[in-house]
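Shared between the two complexes below is subunit A, which pairs with subunit B and subunit C, respectively.
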Partner chain A sequence: MEEIKNALDFSDFPRLDLIVVGLIAVFLLVFPVFPHSSFAMATMIQFLMFSIYGMGWNTIGGYGGQVDLGKAQYVGIGAFTTAVMLIRWDIPFWFSMPIGVCFAVTWSFIIGYPLFRLKGHYFAIATIATSLVLKDLFEVWDLVGAARGLEISPIKYIPPDFLRLIFREDIYYYYVILGFFFVGILYVNWFRKSRLGFQLRSIKDNEDMARSLGINVHLAKVKTYAIATAFVSVVGSFHACYIKNIEPADTMSLDISILIALMAMLGGAGSLWGPVIGAGILIPLKSYLKDWLGAQAGLVGIDLIIYAGIIMLVSAVEPKGIWGIVEKVRRRKRS
Partner chain B sequence: MAFLEVHNLTKTFGGLKANDDISFTMEKGELIGLIGPNGAGKTTLFNCISGLHPVTSGRIIFDGKDITSLKSYEVARLGLARTFQVYVASGDLTVEENVMVGCFMRTRSPSQARARAYEILKDLNLHDLSDSMVSELTVAAQKRVTMATALGSDPKLLLLDEVAAGLNPNEIEEIMGTIRHVHEGLGATVMLIEHVMELVMKVSHRVIVLDSGGKIAEGDPENIANNPQVIKAYLGERYVREHGGEI
Partner chain C sequence: MDILVSSLVAGLLIGMVLALVALGLTMIFGVMDVINFAHGEFLMIGMYAGLFTAQSTGMDPLFTLPVAAVVGFLLGIICYYGFIKFVMRGPMVAQLLGTFGLMLFIRNLALLIFGSEDRALHHGILVGKSFDLGMGVIMPATKLAAACLSVVAFVAIWLLMNRTRIGKALTATSLNAQGARYMGIPTEWMNALAWGIGGGSVTIAGALIVNFWSVNPFMGLLFTMIAFAIVALGGFGSVPGAFFAGLVVGIIMEIPGIWDFFTYTFNSDWMADVPMTSLKYMWVYLAYFVIMVFRPRGLFGWRK
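Showing the complex of A and B:
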């Protein structure tokens, strides 16, 4: 009971925030009703997906301070579990999604257990490595379609198919992912006030101190990593049904991993709204850049330069990102 | 069986014997001062007892249990809390949240942890600072916050590592009050490392002295203050030869 109350309790935020959040929530709910281009719709869906990836990243990376640059491997596990199960055995999304989460979480234990013995940058690098290794494995694994990947052919189903998540119009996908988005926010709102959330923040603050307060640091990290993984895997499964054509090279690319981490850091690692703010800035930016760059040959790669610039800016100006700046200004005003 | 027993504890770092064959016991309700010159091995002793460092040899019994090879979080859960000599707060937690982390050792419920943290902060006269960031506080206040955090876990034995270092006389007076309150009011058994002699000598029932890793003396504060070996350790051989003298 207390758990549910905590998930729904946002009272530690100032009134202004709650008004802004309320307005944004209403906007998200009614957005599809208004006239919009399919490009805008696709961008909004990407924004919601990446917000959820970022929320997952934020539990271990933000609250726990364990920078993870390998989230794409869990996108892949979720996506390919759902695609394989649907194509081969006609198992619908709502069944394959939790199974994908189980696979992803199991994999997260297998690599998290040894990797969390590593500190700081070594951990970040190791997550990149495991993600790339898994991608390479998928690229030669026939069950998941090897390098060509898998294609979910919509012709076989009669949309709208809510069980298999096969739709013709994007609006359905929009509302499904919006539902996950709201659940994600509530979960992280609970998490940040929970015992595990406090333990993670204490670990980030000072590991020896955390240990002396009875915290099993290694276990807390492994647990939280599994939570982060579940978030990512769910959206990975959704991704398979939404995109329908998935290849390891795209779905599990390093770009995805970096973008996830970058968004959360830009918006504010270790804050509830950070990943959403980050996704709200970077996803439209990415979409428009891609659109624009498509027309300008020779400028490919400039998006990476922009991302690198953002990373440097964030770490130099305010390591806690945009939300960190907001909080700092507020603190100054109060005192 | 004593409350805390340390038997022949040795800890080496490479060739350095940071703790050399140290033995002592401590009864429930005692307040022991641990003193010694810089580098004597005091913090190392705390690190070994609290499980942060594996010991090289020796045995540690706490409340009837052999804790020699337990991890520090396991030792903490048995009721042994400590503060750190050097504590660097990353600036992510408020005072109240910091204390709540300690309280979460005994409860899963955030509201219970918050209520307990509030009690402790009020008790230590820190509740005005509840919403401040730990990193923004003065050293004196930070030290009291680390004590409050340790108390959050309801410890039976509390190890305090130089909570008065770097404080002015008023602040020392204040923290001395806090230590007494924790010891007498809350009934914790306390061991404290301290360089501030007037504090150690005033509050301790018994004082243990380390020098170069070994225990060189143990006794009531009066005896220790007049012990030639202790004076020699602190002031050097030559000073003693020339002045005789007391600390």
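Showing the complex of A and C:
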């Protein structure tokens, strides 16, 4: 009970924040009621998915300060577990998702244990390397469809199938992922005030100090890495049911890993709202830029140039992200 | 036997070029403690520079190296003063993502300008010629020339680093930037110079690689990862380490050929079933991971 109370306790935020958050939550709940294009709907689902990815990344990367650039491998593990189980043995989503999380977390312990001996740059590149190794292995592994990937054919099931998460209309997917989104927010809200959350923040501030205070630094990092992994893997499973056609080449690509990290960083790593803000800006920007500019002849890649420009601008001007700017403005007002 | 020998020879030859690719990365890392994700993109720019110079002037592709070097040097300096300088003020995350943004930027700019198709060189005195070393080992002349020129460039940069005042100043900056500044070394300019030399060396490698490899805007990331692996193997910031690690990674990349040799020798069925060619680059990443975890100082334990 104490945990649930803690998760629902947002009282350390100023009232203005809570009002804004409440408005956004209401908007997210009623969004499908308004007339909208299917493109807007797809963008919103992407936004929610990447917010959750970002929240997961935020636990280890934001609160813990360990830059992880290999999250895509867990997207892949989650997605392929669900897809393989559904196609081969007809195991529904709600059962295959926890199994996928178990696989992902196990794998995260296997590689996390040696990985967290590294720090900083070395850690970041090593996570990329593990992610690419797993991607290459998936591309030759017949069980997961090798390089062609897997396709869940929706014809076999009668939509709407709530057990297997096969729907014809996007609105169902929207509410499922919205549910995950709220649970994710509450979990991270609990996490940041939990014992592990405080340990992690002290590790970020000063690792040697944390160790001298008796914190098992390595264990705390590995545990948090597993939590982050669980977040990503759940959405990976959802991704398989939503996209229905998954290939290692794009489900597990480095771009996804970087996008996850970038989103949290743009919004503000190490803050509860950061990943949501980042995803709320980057995902619509990315898909609409692609829609407007990508289709024009002779301008291939210009959407990604603008996108890269934004990344460069953020990292050069305000590495603490948008939330960092907000906090700076507030501090100035107070003094 | 001939498969084994020719795999090893091919691995060593490509390894020499890869060592030059990694040299720029290890220099930038050594001087500034920054990891440059855009490194492979610099290589791609070098390849395009070599390709277009050769095509527009009709020069032999092997003589386009100076052009590529100048392009890379300027590119490095511009990147430093235009972007990296500002990123350096932030935390490490900002540097990682900043250089990643730079990579996306250069890649898509190249896509916009050059288009997505593969381009390759078809002329040149050495194209299509090869030496037969006996025992069935055939060595393409372009690869041999590229390897030799790589070694020359490598030695030149090594001399620059170890035998000149500029090299001493660079080393001083890498050891202790603040101390170097007190001694009157313009560290800002030294950082820029490290980027310039790093960029120049990798574009030279690009102009060499374009002799036997086609170029498209998306090839950068692969070389970035290979270069990371080499730098990790050789020890971050170590120049001689990069050379030997380059050779090692060149041979690692030939593992499929070596595997084939053992498959034929043992006449083994399960070995033939392993899709080794698709796993070509996995071994490089795996080597990186293993080295980083178990021997972070690099294969030979050299420190800068």
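Everything below uses one rule, namely that the second predicted complex is superposed on the first by the 316 of 335 C-alpha atoms of A that agree within 3 Å, B and C clash if a C-alpha of one lies under 4 Å from a C-alpha of the other, contacts with A are read in each partner's own complex, and residues count from 1 in each chain.
Methods note: a residue touches a chain if its C-beta (ideal position, glycine included) is under 8 Å from a C-beta of that chain, and two chains touch if they have at least 3 such contacts.
Just so it is clear, the model here is predicted, and its values are computed rather than measured.
Asker: Which partner does A:F198 contact after superposing on A: first (subunit B), second (subunit C), both, neither?
Answerer: The answer is first: A:F198 touches subunit B but not subunit C.
Asker: Is it subunit B or subunit C that touches the larger share of residues in subunit A?
Answerer: Touching more residues of subunit A than the other partner does is C.
Asker: Output check: A:A316 vs subunit B and subunit C. Expected answer is one of first, second, both, neither. What do you get?
Answerer: In the superposed model, A:A316 contacts subunit C only, not subunit B.
Asker: With the two structures laid over each other on chain A, which partner does A:A210 touch: subunit B (first), subunit C (second), both, or neither?
Answerer: first
Asker: Looking at A:G270 after the superposition, I want to know if it touches subunit B, subunit C, both of them or none. Which is it: first, second, both, neither?
Answerer: first
Asker: Just to be sure I read the superposition right, which of the two partners does A:A126 touch: subunit B = first, subunit C = second, or both, or neither?
Answerer: Once the two structures are laid over each other on A, A:A126 reaches subunit C alone.
Asker: With the two structures laid over each other on chain A, which partner does A:L137 touch: subunit B (first), subunit C (second), both, or neither?
Answerer: Touch partner of A:L137: subunit C, not subunit B.
Asker: Looking at A:N6, would you say it contacts subunit B, subunit C, both, or neither? Reply first, second, both or neither.
Answerer: A:N6 contacts subunit B only, not subunit C.
Asker: Write out the stretch or stretches of subunit A touching subunit B in their complex.
Answerer: Going through subunit A, the ones touching subunit B are 2, 6, 65, 193-195, 198-199, 201-202, 204-206, 208-217, 270, 331.
Asker: Quick check on the complex: what are the subunit A residues that touch subunit C?
Answerer: Touch list, subunit A to subunit C: 61, 67, 69, 114-115, 117-118, 120-122, 124-126, 128-130, 132-133, 136-137, 139-140, 147, 254, 258, 261-262, 265, 269, 299-302, 304-305, 307-312, 314-317, 319.
Asker: Quick one: in the complex, what on subunit B touches subunit A?
Answerer: It comes out as residues 50-52, 71-73, 76-77, 81-82, 84, 87-90, 92-93, 97-98, 100-102, 104-105, 107-111, 113, 133, 149-150, 152-153.
Asker: Enumerate the contact residues on subunit C facing subunit A in the complex.
Answerer: Residues 33, 35, 83, 86-87, 90-98, 100-105, 107-109, 111-112, 115-116, 217, 221, 225, 228-229, 232, 236, 275, 278-279, 281-282, 285-286, 288-289, 292-294, 296.
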